[in-house]
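To start, I am sharing the structure in question, which I have written as structure tokens.
Per-chain numbering from 1; labels A, B, C and D assigned in written order.
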Amino acid sequence: MMATGERDGQTPPSEGGAGASPGDKRISLAEAAALVQEGDTLALGGLTLYRRPVAFVRALLRRPDPPRHLTLLALTAGFESDLLVGAGLVERVRTCYFGLEVFGLAPMFTQAAGEGRLTIVEETEASIAFGLRATLAGVSFMPGLGWLGTEMLSVRPDVKVVQDPYGEGEYVAFPAIACDVAVLHALRADREGNAVLGGNLGIDQELAMAARRVIVTAEEVVERLDEPLDLAGLVVDGVVPAPRGAWPTSCYPFYPLDGEALLRYVEACPVHFADYLDAWLRGDDE
Amino acid sequence: MMATGERDGQTPPSEGGAGASPGDKRISLAEAAALVQEGDTLALGGLTLYRRPVAFVRALLRRPDPPRHLTLLALTAGFESDLLVGAGLVERVRTCYFGLEVFGLAPMFTQAAGEGRLTIVEETEASIAFGLRATLAGVSFMPGLGWLGTEMLSVRPDVKVVQDPYGEGEYVAFPAIACDVAVLHALRADREGNAVLGGNLGIDQELAMAARRVIVTAEEVVERLDEPLDLAGLVVDGVVPAPRGAWPTSCYPFYPLDGEALLRYVEACPVHFADYLDAWLRGDDE
Amino acid sequence: METTKFADDFTVDELISVCIARQIANGELIVQGLATPLVMAGYILAKLTHAPDVLFASAIGQSLCRGWAPPSLSHAEAMWLDKALITFGFTRVATELLPRFRPKEFFRPAQVDPYGNTNNVFIGQDYHRPRLRLPGSGGIADVTTYGDQAYLYVPRHSRIVFVERLDFRSGLGHHPARKRGRGPRYLVSDLGQFDFEGPEGRMRLVTLHPGVTLRRVQRKTGFPLEVAPDLHETPPPTAEEVHLLREVVDPLGIRRLELLSGQARRQMLREILARESGGA
Amino acid sequence: METTKFADDFTVDELISVCIARQIANGELIVQGLATPLVMAGYILAKLTHAPDVLFASAIGQSLCRGWAPPSLSHAEAMWLDKALITFGFTRVATELLPRFRPKEFFRPAQVDPYGNTNNVFIGQDYHRPRLRLPGSGGIADVTTYGDQAYLYVPRHSRIVFVERLDFRSGLGHHPARKRGRGPRYLVSDLGQFDFEGPEGRMRLVTLHPGVTLRRVQRKTGFPLEVAPDLHETPPPTAEEVHLLREVVDPLGIRRLELLSGQARRQMLREILARESGGA
């Protein structure tokens, strides 16, 4: 990435992508998947069933030695995250919604949570948004409205409440969220990592700035993008051409959500997850 | 503005613009100027010499009873703000830069400050940006890096330092910034107040959400804008057609900065400010 | 003045959407969460009838929209991206738009107690080994603590949803711990409409849907019901409302999914998907 | 290998811009504040010579740019808007970009002390009745407290600027109160180049511009100067650098304004404005 010297943050941005100097950051899906290490916090861009980096998840699961003990970070988690949970890569989940919307509960997440096999870092929209903003601002927290009066704090004993220094009340001090690798799926990218995400931004821009390493998978990778960008290549370490890389989630306006594929998944799981995964990794469902 | 019931914030958004329900919010410059009251915090959009609401300032100064004791809020303040200071409307200034860039110091601000006739609320980029974000988040402060080690806190005794609840250090608790009336100059607006500001956004979007009342002056007011917007009419109370309304500051790409006009100003002031102002209010310089 | 023509036949999903629509005032900013097609149908119906100037915001797209498009399973983004006036991203929505404007939003709780406190996190006695883990609270644990425009809907009224004690309080109702804002104002289920004007903000039955008895509502509610003194029948949908819902607002009937579960829901999903890919 | 051809004649504004350019490494993100045309000329020169992959950010436009345009008085936005890859707005710049990426930036202090602490707020003894109120600190009181990429330039070296004690410390240098980051790394004036490698971060003369004596620098500096052991002459601009500055980077010579004041500056402003409106 850029060469701006040392940084003193808790989670400094990455210090040099695959291609080092700005230039060609294109790598393969397998190379991208190899960047994730045991115990990393892995953030997945997009929203629930929309523009998720599914091709990347498949590459990660195809690794001979898939990294384990991951912390999965997403504003909302869906199909792609459920696969990672089902395959046993995920130890902790940080999200404010894990499910398949009208297609139902996320079966492997629901099962693993019910069996006590997951650590859930209970989040809300505000805790994720303020937490990422804290990371970007280089501070340990951001105060915000929310949570007080609910039982959220009882399941997040790590989260503190601070006194309002200018008044009588108190605020939740939403803690900074660190991220090792963020993976975002783009409509278009260029080889420097500049990218167009479309209008459904979610928290992708903040994830890209907060993460130590950033991978962009894209429907199309061109030489140079000159349209208005959603993401500057400055923060991107690897660019991966991945046509239909969000399938079966949607990549609006290029292709719709594949609801039939989601139904096949929810009907197979959790009972037949292993078979489903084998077939999916072979590409039978592509 | 919109009808979303009561609000409990310190600085609730405005409760109904000139036109009440969404619809035609067009008003005249004089009507817009009449919305500013004695003692208000008045925020001016744009940046230093770029896209400033100068036509509005002229209308304000043309009022038979110009409001006094204003707090002037701007990320950076330039020609338009210097006129307000020179004319004696301003009691307090909140900005991180008050000047005319390469055209020199702002003469009336410099003189008034030197004579101790202004209260300056010393600000920086961070204190304004975090202060507005605090207002939008409904909290009294946002913690941020900056200031510690400088003498800023010695001239801002109202600003507190908070302990890091998760570590050893401390942060400045940049206080929420309230605003009564924000005036922004747009390239285009529609009668509902939707507006296109161009790329040099400054803090205009945050001002529009933070202020109790929002006035948009625009080079052109159309029936309905359907291009991507920088500002949603939701927050706008009054829309004023004001062609060349930023002159002599620029309104890129419609017209450039009028440097000759700025030179005439700095050569007249501070000595001949009264004559300059009279002529300017008559429109001799238009 | 014309007399209102009520619909001869209507279904409960239509009635719920109509009840939602009637809670919307013209000019409001209204927010839609994930997977809430009954709400979307209600919002669009409001726009097409008495509230043409509402502005829509949604979790999907994080945009403001004046225009609309029929709900879709495969192209859920269409409305939110093609009709977007302005796009914010989720970070600005959560940290700026919601706390600043505190817009009206309809939430669907998995559990609700007599005071409108709600739970969307888990069912069971032990958070670490829940009987049923739910998707999570989204932004409900945020906005219900400071806003005053929380509205609730329950498509399948039962003692599983309406409980005396929540397993987890992720949405704040009329609760003594509240510091800001206020608890929910309204709840609609498939049996009736409720407010929270009972003692200390207790839920109170205000109208019974046509054909529903008070006894039935009480039997399906896990706590003693308060009843408004002027309990009456829910005004049925008008012929025009039913026509709009079926033919214009939501011709695929996506709103109906919220009344189904398991195999029945999957069956209907397949039918809708087939119609969408067949080029509706 | 070709030997470098130094310019036969060059002006001090050209030398300062060249010195600035030489502090830029390829691939960096470099930030320009308001009213700093010498810096802009240096940045663009770097891009055209040894640092083609720099990314520009600026107070005007708050965008990132890969491309560039010559500095302009009347159309200052042209570079920042027409060449913008992505636009952030000032709030995101101040609260996200600057603290997260801590990019390199050249600042022009009104006063600087031996340790690189700076003042852009006021001159005098009393903040409430200053002898001269200055425009303000912009973001200098923010980024100098946590960043480590502060660079300084002083177009008119004098005892008014280089003072033993500041009237107000709005920019943090090598100071014991520092908690994060580090003080400035470099300073260029019209007399020489300096680092801050003296005792406890004291400013240290490293090169003398051609024709400048150590005695003259000391006479114009309000505190005793540290001098690097290998004090040498500033390498002059190359013929190519001077050619680029004059003909390509800044043909209107806007950078020269920073060396002038009062009537002389206004005269030059008028000339440049006339050339711009005449259609350069």
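Keep in mind that, in the parts below, a residue touches a chain if its C-beta (ideal position, glycine included) is under 8 Å from a C-beta of that chain, and two chains touch if they have at least 3 such contacts.
As the structure is a computational prediction, the values presented were derived from the model and not from experiment.
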| item | value |
| --- | --- |
| Where chain C and chain D overlap in contact partners, by chain label | A, B |
| Contact-richer chain pair (by C-beta pairs counted) among A-D and B-D | B-D |
| Distance-maximising chain from chain C - centres being C-alpha averages | D |
| Gap in Å, rounded to a whole number, between the CA centres of chain B and chain A | 38 |
| Length of the line joining the C-alpha centres of chain A and chain C, rounded to whole Å | 28 |
| Contacts with two or more other chains, residues of chain B listed in rising order | 130, 133, 137-138, 142, 144-145, 206 |
| Junction residues of chain C, two or more chains touched | 84, 87, 95, 99, 146, 180 |
| Arrangement of touching chains [line / ring / star / complete / other] | other |
| Pairwise chain contacts, counting only pairs that touch as defined | A-B, A-C, A-D, B-C, B-D |
| In the complex with chain B, residue positions of chain D that touch it | 34-35, 37, 59-63, 73-78, 80-81, 84, 87, 89-91, 93-95, 98-99, 121-122, 127-146, 168-172, 175, 177-180, 254, 257-258, 265-266, 269-270, 272-273, 276 |
| Of chain C, residues touching chain B in the complex | 25-29, 53, 55, 64, 84-87, 95-97, 99-104, 146, 148-149, 180-181 |
| Contact footprint of chain C on chain B as seen in their complex | 2-9, 13, 21-23, 133, 135-138, 194, 206, 209-210, 228-232, 234 |
| Residues of chain B that touch chain D when the two form their complex | 47-50, 75-76, 95-99, 101-106, 109-110, 113-116, 120, 122-130, 132-133, 142, 144-152, 155, 169, 198-206, 250, 252-253, 256-260, 263, 266-267 |
| In the complex, chain B residues that touch chain A | 130, 137-145, 160, 162, 164-167, 171, 173, 175-176 |
